[in-house]
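Across the two complexes that follow, subunit A remains constant while its partner is subunit B and subsequently subunit C.
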Partner chain A sequence: MPEVKQTEYRGSIHQRQKELMLKWYERLNEAAETGTPPTASLMISGNCVELLEAFGAVPIYPEVNALQLAIRHQSLEPILAAEEIGYAPDNCAYVKADIGCYLKGITPTGGKLPKPDLVLCNFVGCNTYVKWFEHTAVLTGSKLYVLDVPFLCEDEPTQAAIDYVVRQLKELVTLLENITGKKFDYDRFTEAVRCSAEVEELWSQIKHLARRSPSPFDAYFDAITLMGPLYVYRATQEGVEFFRAALEEMWAKVASGQGVYDQEKFRLVIEGPPPYPYFRTFRDMFAKWKACAVASTYSTVGGLWEFGARHDPDHPFESVALHMLSQNVTNRNYLQRYEQIKRYIEEWNADGLIIHFVKSCRLFSAGQGDMRDYVTKTLGVPTLYIESDLEDPRYFAEAQTRNRIDAFFETLEHSKLTAKAV
Partner chain B sequence: MELERTFDQWQERLADLGFASVQAWKAQHPGARVIGYFPVYAPAEIIHAAGMLPVGLSGGGDRLDIQHADARFGSFICSIIKTTLEMGLRDHLKVFDGILFSSICDSARNLCFVMKRNFPDLYTDFLHLPHNPSSTASVDFLASEYRRLIQELERIGGRAVTETSLQNAIALYNHNRQLIRSLYALRAQKPHVLRAWESYVLVRAGNLMPVEEHNALLEESLEQLAQRPGKPRDSIRVVVEGAFCEQPPLDLIKLVEDAGCYLVDDDFVIGRSWFTDDVPVDADPVHALAESYVNRAVYSSVRHDFRAPRWEGLAEKVKQSRADAVLFLIAKFCEPAYFDYVLFKKKLEEIGVPHLLLEFEEKQFTFDRVRTEVETFVESLVFD
Partner chain C sequence: MRVAAGVDVGSTQTKAVVMTENGGRSILARALVDTGANVRKAAENAFVAACHNAGIAPADVGFVVGTGYGRYNISFGNAQLTEISCHARGAHFVCPTTRTVIDMGGQDAKAISVGSDGQVLDFVMNDKCAAGTGRFLANAADVMGIGLDEVGPLSLRATRAIKIATVCTVFVESDILSYLAQGKKAEDILGGVHLAIAKRTLSLARRVPLEPDITMTGGVARNVGMVHALEEVLGSRMQVSPDAHFMGAIGAAVFALEKMDQSFEFSSWRPEHAAGSGH
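Then we have the complex of A and B:
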C-alpha cells in the first residue's frame, strides 16, 4: 500500500489568486460600507458578468461564498440555521449555507457583504438557481431579474433562443442604467468581452497542457484554485494578466518535465463538484495513488472553452448569449456531458472516470448511474462512483470513501500490470 | 353509469401499468400516434391538433417494483423519476411514440436525456417553458418553441396542424378546464358530496383518454353529483399543496379525509387545470397558447413568476376556499416543493393559517404514522 502523501499546489499563482480573491472581498466590503461600487448577485455558470463590468458593478457570487465557508469547515452552522426556518435536509446545501449566513451575519472573510443592488438570476439549467435567488430577493428586499436561458436540447441553440436571450440582455441594460444611474458604456462592454475572450484562450491553453504526460497540474483540484479568479476577474485586464502568468508558470513546469507527483501513475477524468468540507482529505485520497486528474467537468461550470468557443468582441451581445446558452456545462444537456467526458478520456488519454455524486446538486448528479453505465459498458472505461456532498459535512463518510477509492486503484493497478504482462 | 362504479373503474385503470385504455385507443385508430408527457404541464392542444392522443404520465404508482432504475439514478432522487425510467426499461411504455419533458426540475430534465439514450426509437423532446414572464420576449420565444414542437410532431407522423385544428383543440380543452373548475367549485362548496379522492380520480382519468371523452365523463358526473345526497362530516377545511408532480397513493388521500379533513382545494394533477381562464380562441392559436402560459397560468412550484408570487397565490387560494389550514403533501426528494415550502410557510405564518407538512412516496403502504400526525393536527385545530 503506498504511503499517504499530502499535497498542495504551491506556485506563485496560488498566492496571487489568494490576493485577488481577498481584493474582491475588500471591494464588496467597501460597497457594503459606502454604497459604491454597485453590486449584483449572480450565478457562476453561464453568467453575463461582462455587462456588469460595463457599468463598473461588482459581482457577488453566493456559490463562491458558500464553498469558501465549506473549505474552511464553517458551513454546518449556517446550514443548520437555514434548516431551522424550514429548509429540508434534501435542499441544496449551497443555498442553505448562503441563506444561513445571511440570517446569522456570517461572511467568508469576516468582512461585510453588501445588500445587492440587483439580484440577477442567470437561469442556466439549474432550477435551484431560480428558487435560490427568489429567496434571496425576498430576504434582502433587493430587485430580482431572472434572465431565462432556454435549455440546450440539441447540439446548438436555435436562433429563437439566441434572440430571446439577447432581448433579455438588452432589457437588463436598461435595468442596470436605472439602478446605477449610469449610461450604458458600449465600448467598456466590448472591452470586457475582449478580456473574457483572452482569458478563455489562456485558460483553454492551460487545460490543453494537461494532455501531456506528466500533466503539469491537476485539472480538478488545482483547476478549482484557478476558478475563483476565473469567475470574478474574467472580464477584466487583471484576469488576463493572472491567466497569462498562470500559463507561463505551467509552461515552465512542462519545460522542466515537472508533474503533480514525482511519477504520474494514473490519469483520471473527474465528474461532479468536490466535497468542499473535506477538500484536502479527498485530494489526499488520490495523491496517495499518484493519480492526477487531467480533465474535469466541474471546471467547465463557468465556461466550456477547451473545445474552441470564445466570447466575441465583434458580436458582444450575441456572444454573451451564446456563452449562456451553450458554452457552460450546466446548460448543456446530459448526453452532451457524456460526449464531453468521452472526449476527455480519449484526447486527454485518461485511465478512468471518477463520478462524485453530490446530494445537493441534482443537476450534476441525477442520472449519473446511467452515465456510469455508458462509460463502463459502451466506452469500456473503468469508473468509480462515490457519494457525498459539496457543502454539507454530514454526508462525507471518510472511511467508506477511502476504501472505495483504494479498491478502485488497486483494481486499476492490477489491470495495468496484467495488460503489460500480456 | 353509476358514479361509484365510475370511480372504482377509473381507480383501477389509473393503476394499470399496461395503459390498457391507451392501447385500446391505438387499436381503434390505426396509424395514429400517442404522445406521453411527463408532469407538470404540456400543451396537449397541440398534440391533439396533430391527430395524436396526448397522455399524461404520472409515474408507476404502487404496483411497480424497481429493478433497474435505482442503479441509474442513485440516492436522493424522487420516485417518479425512477418509476418512469423503470416503466421504459420494463417495456411498459411501448404504446408511446413520443414523450415530452419540460423545464420543471433538474432531475426531470436529466431523465429526458437518459430516456433519449436508452430508447433511441422513441421521440423524446424537451420543452423550455419560460421563467421570465416579465420579459416581453418570453411569449415570442415560447411560441417559437411550440412551432418547433409542431414540426417535430408532423415529422413523426402527426397530421398537419392547421389553425382550425388547433383552435378546435383549444376550445375542447377550455371546456375541459371549465368542467374541472366546476368540479372543484362543487367540492369546495359541498365537500361532503364529493370526496377529494373521487374528484382526483375523475380529473386524472383525463390523462388517459381523448379530451372529448373526458368532457363527456365530467359532464355526466357533474349531472349525477348535482343529485347526490351527502351527509356532512365533522371535518376541518384543508388546502393541499405540494403534490403537483409525483402523485400520492390514493390510500393516502383517503386517509387524510378519514382523519377529519375536507380537502377543499389541492394541486393534484394540476396540469389539467393549468389556466385561470380560457385560452383565447383567436387568429393565432400558437401565440394564444404561449401568451396564456405566460399570463394566464395558475401558480405552481414549477413556474416562476415574481409578478405574482406563489405564496400570495396560496394565501388567495386559502381565502377563496375558506380553508382552516394547509396540508403540505410533498413527494420525498422533490426539491421545488421543499424550496417553496419555506416561503409558503412564512406567508401562512404571517396571515395566521395553521399548516402541517407530510412527506410521501408514490409507493407507500404503511400510513400509521401519517394517520396519527393528521389526527393530532386536526384535533389541535378543533379543540384549540
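Then we have the complex of A and C:
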C-alpha cells in the first residue's frame, strides 16, 4: 500500500482560484504600468476593503504577496535583503519579505507591483502592522493613513468603540475622494457590503460542511486555497460567484460521500498559519496519517463568520467597523480564542488540536503555551505544539517536526484502538 | 523461543536490544555503537552486535522495530515508531510505576506523560535548540578539556556552583572560557553547567504533569551530575535504570514482541516505511 500523499482538493474551483489570483496580479501590474486603477495597501485581518471597492480601488495585500513568495520557495532572498539593511533575525518575517521585495524588485508572479496610492494600515491586534506600513510608506513615498482599532478586551465592542472607528472610516472616505478624484458612491459601497455579506454566508456554509464525516475538504490546507479569493474578491460579485461554485462543488462531494482521504482517520483543529516555505511537506506529514483538519483558526484571520456574523448593507459603516473590531481572530482576546477552539472541537467533532507557533510572530503566538494547557488539561483533548515560521525557511526543522507529528498520531491511534477494545 | 529486537538510531549513538518472550519478557542482549555519518550501517552494526551478544543469528529475530531519528534508514526493520512512544514503553517495561519520563539525549530533551499501560498521554520537547541536551554538556566538556564521562562526577564536587546565565550551546563556550580565565574551579563551573541544564529542562518538562514515578532515560542519564542536578531542582528522586541509555531500544523491542502477538494493528507499522523511503 503506497503512503498517502497529494490529497489536496483539485476541483474546478482550484483552477478558478488560480485564475482569479492571476487576474488580481495582472490588475496590479496594470496599475504599476499605467497608474490606474488606484491601489491601496492594506492588511487581511479586519480590513475595510468594501470602502476601496466603492472607489474602484484595488487592494494590495503584502501578506498575500509574502506567503505567495514563501510557498514558491522565494522568501529567503528578500528576507536576507531586509536583514542586510538592519532588520533583526527575529523581526516579523512577513515584514522582512515585503520590505526585501521592494528593495530587490521581486514579486511572486514576476510582474510589477504598483506604488500604492494609499498605504492604509487597518491596525488590528498586531502592532507590528503599524511599523510595517510606516516603513512601506517611507520606501514607496506613498501617503499613509493608520486606522486605530481598539483591541477587543471584552466579549463585544462598546458603542463608543464602534462610533470611534466609524468616524475614522468617514475621514478615510474624504481621503480616498482626494486621492482618486472620485466622489464617494454610497450605493456602490452598500453593494460591496452586500457582496461581502453573501460571500461570508457562502463561506460559512462551506465551513459547516466540514462538520460532516468525512469532511469534503481540509479546513486548513484546502481552506488556504480558498482564502486568496476570499480576501481579494470578498466585496465583489466575482467573489460571490466563486463561492457559489465552491459551495456547489463541496455539496457534490458530500452527496457522493467523498472525503479528503479514502478513509478519514483523524479529525483535527489547527491553530496558527502554516510554514509556507514547506507547505507541501507539512501537508504530507498529516496526509500520511489520513488526518483531516475540520476547522482552523487561521482561516478566520480575515473574518470569523461561521458563528453567524455578517456585514450588513443596511448599516454599512457600522458593520464594517464591527468586523474590524470583533469579527476577526487577530483582534480577539485569548479567552475568545479559547472558546472558538472549544466550539470547533465539540461541534466539528475533532480528535485533537495542532498548534503551530510562529517564531517571528510573537503577537499571535504568545500565549499559545497556555492555550495548549487549557485544551489538554481543561478540555482533556490531545494537543500537539510545534514551532517553525510562516515565512522564514530557516526555522523549519523537517526531522523534528515530522517526529513530533508522528508521535502525536501514534498516541492518538493508540488511544482510539484501546478505547475501541474496552 | 520468540525473539524480537528494537534498534534506536540516535543522533550520537545507536542502540540495539534483543528481547525474548518465554513466559515473561526479558532482555537477552544489548549493543551500542556510535552513529557516525553512515546511519544505515550503524543500525546494522548495532543489530548484528546485539544478536551476537545474545548468541543468536540475526535471522532468528522475528520482528524488528526501529526508532530514533534514523529509524527510516533501518533497511532490515519491519516497522518504525517514534522514540517518544518507545521511551514511554521502555520505561514502563523497566519500571511499571513510571508516570513521567524525562529523556535527555544527544540533541533532544523531552518529557513524556505515561499512562498505566505504558502509553503516551502527552509529551513536550525542546525545539530547534540544543540547550538542555547532551550536546550542551559535550561542548562544555570539550572547551574545558575534560572527558565527557568525567564531567558528571566532577560537578558533584562543586562547593560554589557558578551561575551560568546562558543556555545557548554555542555561547556557553565563551562563558566557560571567561570563568576559567578568572581562575574559577572546574568543578564549580561544571556544577553551574549542570544546574543550568536541569533548570532549562524542567521548565520545559513542567508543561506536562510531572507525576511520580519519574523515570530518567537517554544517554545523559549515565551522567551522575545531571541526575543529581535534576533531582535537586525537581525536589524529588527519579528512577534511573542502568539501562536508561537503552530505553528507546527496549521500548522498540517490546513493541516488536507485541506486534508478533498482533495485539494491535498500527497503521504506522506499514512495512514499506522500512524500505528507505528517503525520509
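In this text, the second predicted complex is superposed on the first by the 419 of 422 C-alpha atoms of A that agree within 3 Å, B and C clash if a C-alpha of one lies under 4 Å from a C-alpha of the other, contacts with A are read in each partner's own complex, and residues count from 1 in each chain.
The rule is simple: contacts are C-beta pairs under 8 Å (C-beta built on N, C-alpha and C of every residue); 3 or more make two chains touch, one makes a residue touch a chain.
This is a predicted model, so every value here is computed, not measured.
After superposition on subunit A, the partners subunit B and subunit C are accommodated together without colliding. In the superposed model, A:V58 lies in contact with neither subunit B nor subunit C.
Contacts of A:Y374 after superposition on the shared chain: subunit B is touched, whereas subunit C is not. Contacts of A:T418 after superposition on the shared chain: subunit C is touched, whereas subunit B is not.
Annotation for subunit A, partner touching more residues between subunit B and subunit C: B.
Contact with both subunit B and subunit C is seen for A:E387 once the two complexes are overlaid on the shared chain. Look at A:D406: by the touch rule set out above, it reaches subunit C but stays clear of subunit B. By the touch criterion stated above, A:K265 is placed in contact with subunit C alone, subunit B being left untouched.
In the superposed model, A:A397 makes contact with subunit C only, not with subunit B. Superposition on chain A leaves subunit B and subunit C with their closest Cα atoms 5 Å from each other.
Overlap of the subunit B and subunit C interfaces on subunit A: residues 369, 373, 385, 387.
By the touch rule above, subunit B contacts subunit A in their complex via residues 70-77, 81, 103-107, 109-114, 116-118, 125-126, 128, 130-132, 134-138, 140-141, 144-145, 148, 304, 306, 309, 332-333, 335-336, 338-343, 345-346.
Contacts from subunit A toward subunit B in the complex involve residues 85-88, 90-92, 95, 123, 125-128, 130-131, 134-135, 137-138, 144-148, 150-151, 153, 158, 160-161, 163-164, 167-168, 171, 333-335, 338, 357, 359, 361-363, 365-370, 373-374, 385, 387.
Subunit A contributes residues 1-3, 265, 289-290, 369, 372-373, 376, 382-383, 385-387, 395, 397, 399-400, 402-404, 406-407, 409-411, 413-415, 417-418 to its touches with subunit C in the complex. Listing the residues of subunit C that touch subunit A in their complex gives 69, 81-85, 117, 119-125, 127-128, 207, 264-268, 270, 272-273, 277, 279.
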